[in-house]
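Just so it is clear, A, B, C, D and E label the chains in written order, and each chain counts residues from 1 on its own.
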């Protein structure tokens, strides 16, 4: 009997590029596996929690899927994942990794193939520290992911801060914050501003002529978004568990085949989609399908697949243990892209392992 | 004249029947998923029925009903959260998982909130009213995303299933029937209210406040009462919605949600008893079916909605049941 | 905290305000003066920004992109008025809400279809890059000063158009009694198409200008829409000067709130709680402002008529 | 003939308000349209201006058939309307109301202000706050400013004080002397009949009687039957 | 002896520099029709607005049934027995004529905060409303939607609504306007017949009606009462002729 996978992801409206990359990476892996015993159904959640929940109900009740995947946003994941895993379905997250699902609300059927939300920020906190910066100014939007981000940063950066600011979610004008940065005497800036907020911030920051170096998580400097940030991004260091130039055969093959298939460079999200699919495929292979839940779970947990990011293991709360790199934005010819310059954290898991009682 | 009246009644009965029959049919065809879709239609229709009372009959175009919808939802969510954690709300109230307690709580809280918002908002009219209700809803929305205790933007999953006496709220069909009954109750209540003396006053407040005052009825209390009743119904719908999704989050409080409830009402036909049901059903079914059909579904949804506005005066009910009668 | 810092933040507030006015200008015309609730105004803004970004990326000149953005938005606006809006003047306002909501869906997906899923790149023109030195040791980006100038110029232009020209009188007359203005020999249908297109063009210009500062992406028009409505309502519907004053007020409250509220709470709270409470409050500051203004003056600050 | 209506039938939605009305107005002629409340006088006026398009019958104005023309084109053929219920633009000032739709001709702002000094006094006041009578003056002034070939007055003296009414009547007489064609609806027969050239009486959407004012004045029975006097 | 229904003392109201009501003193006795005439813009409607409560006076006293009503809302004054018609009709346009009247009857009868009992099945309410419509001659159009009524019919409906309140004092702002010659005559007779039950403050530019109906007439010019007197006194007054009447036949 075929393994049925339901993918719920964001394919319309703002933010759809993330969902599209996850989907494309995922489907590329399925295609490359050549397996005909895996059916993938894909639906658009329009970034609305209740729509996502409805699709998951449909996938579970009507299509009787074995596995769900695809969700980009934490708040959608919080709506979908807990009820889904309780019904015995597996959920493999290709992106969102809210702390609740890593800690108290963890579940044996929930696996995250990307990262726990804090990971990239933690890496940057460590890196900024290691680079000898003494007064970073940090900012993020005023919502849980933003607070987690700065908490994550501070977990590994323990020195003095020039300032800590929470902006309005969806804010597009950062003149006031930039002036604050200027006035604060900061020697570095760390920001987590996903999507259009980050683009706006970077543009305005570079236009303001302030030259304090900027650090960020990969989200604002990833392949899909770099073109929109433009030259303002060149030289910015950002943290990521994956990069196009990770020198492994698996990654080279992935980048090449993705580019060939879709005519664009893969992004972080594409790599996560790709890895999620390969994780599932490896477990299906090992457990001979997904019907035997215990066997399948064990196979997932073993994570016997070649991740494009290099070494990959699951921590006890089913979140990755992985290296997190620091990349720098560079210009290759006309194209903006990233180059690895350092390893931020090696074999890093997450801060919530202990809270998870499975 | 009487035949348009009859036509509307026939349409109403058919709508009510169709909604009831859909899950039965789904069950017969062994497609239980459609039960939850029908439940969603029923709940969002109820939210629309609430809004319709203010907007359609009272002329109070509230662009902030998500505040009530969300607060209703959060009552259910927070209660379940404390139940799950075994804690008290602010150390004051013991948590409960009894829906028969949660619902009245949601209704009363939304009523109280509506009194507060109404007291300020009803000083304004027209577009100003639209915007001030939006303002209040936005305040609550931002409160919702920034309170970490209840999940902030991530929302609050409901891990425990709240309970009803006698029947099992866990069973989808039972839960649908409960929602359906509440929807029908809401519609019936609306119809009584609209036909009552209060309803006459409320509707005159929409058409001409000066007239209302001139015959000796102070418009403000009439409007406030209408607004509060409306908020209470929408708040109940919010509590049901949280129960259905097993989740509450600030998206229930967002202006998109207010807009969506308003779209249901307009699409179905403003000031028509069954308008919200017709509108919500069409919208949700379109969303569901074209959504499964193409990624570009929003484009086609837009075209269809546009077609309805352009070619159906008075929304769907206007199209299928003819002009509304007001005499 | 130096005085230069405070001055700069006040300037930022004013600048943000004028930027809001720029974004609201087209809506002031269409909504404030013609009395039309156009939720798709943000989409016209988005279309302007996309076309500007695309054309200037292609030709390499922001200014040609700007003109293209303006023309594209105007053309789409005119088309929209003729095909859709025109049929709705006689209807309930709420039908306009539904129709223009549908247009948002169509425009958003249409834009994605045409321009792809990724945000586009649009940078400020060479001519206006860099900063200028102002008194009190403040240096300020030239482009933002230019936005202030454009915004104020638009405000004056609109004010003159609406209050001082016959065209303006006819538009306002049409808003209150469309049938009667027709009976007096004015072709209100064409007039309204032109004015609607003008409003759309203004949205396009705003989209192009602001797009260079922000991210050109699908959905960029939505927050703008709400803010523009807020500004117009605070100012008093139909009043250009009201919209300008309200814009600056909103800009100042928002900016200064963001900067100083957390510092204010830090005076008597521990720092992390202060940041938290301060920024939560500042997120809603403009809504609180709007509620207060409307409670105090139910028809806005500059009620055109009561 | 300047204006000729032939058997027009006009509907409001499904309900028929005019069941065949014919009437003619020649150059410089003044025709009075009479009838009790709700008999279709205003509907006739609306039909002439194409504010409500007649379903059947023809209307010619200055040789042009107006069928299907938008209202503004009909107006530009040279019709000036003082509508029932004033309908001044409330959000415009008095002055703006007058000049917004002005068309060149012998009537100018000064002349209108001369006719109604009160309007000059209130030039910058918003029309909304004018007294009822002032609004009425404004509506008349506004129509005159379009310099029409045919002036239509639908209860133009409603709510005006006797003194002003006398002034308006004398203005109408002046207009008539200057060759202005006019269609006039008014309840004060006493003043209307002496200056009208012809009277048309409507009853339930039909023209039931056409004749000279003298014939009408003489016929008490006619007045009683159709005007309820 | 007659009872004073309404008594106004030293009332003032300005709009900017314009004195719309300037030290007005006026009273209406039970069983009396007191006519208020004056040029356009003299401040008649403004005065009615202040009596009914829509406008706040700047200064002065308004006593209705021996009670100071200035602090009271429009609705309260209406419940005390103050009925009014508007110069420019103000009705609920989307419902039938009958419903407009029903609302008035319901308001008089008691609370409108009754949520359950259906108006439709309240025969008493309907009958009462029909009676009022008949009185003004609108019975045939009872079920017509108000927006479909002709101008004159709407004016009649306003009067019916005011009457349905069973007021002690009626404020009528140009009730004859828009009525045909025949209609005016009928309304005149009707008001005459009302005199016994209700005091009336009548604004009217139709002098035939005023002279026929009024017990007393006050003449308002530029916000001031320049003269109050009987029909004959007013007719004779040179001042009134000059300011208002002109050369009446």
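Going forward, a contact is a pair of C-beta atoms (placed from the backbone, for glycine too) under 8 Å apart; a residue touches a chain by one contact, two chains touch by 3 or more.
Since the structure is predicted, the reported quantities are computational estimates derived from the model, not experimental observations.
J.: Any chains in contact with both subunit A and subunit C?
T.: Neighbours common to subunit A and subunit C are B.
J.: Tell me which chain's centre, taken as the mean of its C-alpha atoms, is farthest from subunit B.
T.: Max centre-to-centre separation from subunit B belongs to D.
J.: More contacting C-beta pairs: C-D or B-E?
T.: B-E
J.: If I average the CA coordinates per chain, which chain comes out farthest from subunit E?
T.: Taking each chain's C-alpha mean as its centre, the farthest from subunit E is A.
J.: Per the centroid of Cα atoms for each chain, what is the distance between subunit C and subunit E, given in Å?
T.: 48
J.: Return the distance between the CA-based centres of subunit C and subunit D, expressed in whole Å.
T.: Distance between chain centres: 44 Å.
J.: Cα centroid separation between subunit D and subunit E, in whole Å?
T.: Chain centroid spacing, subunit D to subunit E, equals 28 Å.
J.: Provide the C-alpha centroid distance between subunit B and subunit D, rounded to the nearest whole angstrom.
T.: The mean C-alpha positions of subunit B and subunit D differ by 50 Å.
J.: For subunit D, write out the residues touching at least two other chains, lowest number first.
T.: If we look for residues of subunit D contacting two or more partner chains, we find none.
J.: Where in subunit B do residues touch two or more of the other chains?
T.: Residues 146, 296, 298 of subunit B each touch two or more of the other chains.
J.: On the basis of the stated criterion, which chains touch which? Give every pair.
T.: By the stated definition, chains touch in these pairs: A-B, A-C, B-C, B-E, C-D, D-E.
J.: For subunit E, which residues are in contact with subunit B within the complex?
T.: Within the complex, subunit E contacts subunit B at residues 52-54, 73-76, 78-79, 84, 86, 90-96, 98-100, 102-104, 106-108, 111-120, 143, 145, 161, 164-165.
J.: Report the residues of subunit D in contact with subunit E in the complex, numbered from low to high.
T.: 12, 15, 35-38, 42, 84-86, 118, 122, 129-134, 136-137, 155, 158-166, 187-189, 227-229
J.: Taking the complex as given, what residues does subunit C use to touch subunit D?
T.: Against subunit D, the touching part of subunit C is residues 166, 169-170, 172-173, 175-177, 179-189, 238, 304-305.
J.: For the complex, give me every residue of subunit A touching subunit C.
T.: Against subunit C, the touching part of subunit A is residues 12-17, 20, 142, 147, 164-170, 172-173, 175-177, 179-180, 183, 195-200, 203-204, 207-209, 224-225, 227-231.
J.: Help me check something: in the complex, which residues belonging to subunit A touch subunit B?
T.: Subunit A reaches subunit B through residues 11-13, 43-44, 46, 48-51, 53-55, 57-58, 60-62, 74-75, 78-79, 82-83, 98, 100, 105, 142-145, 147, 169.
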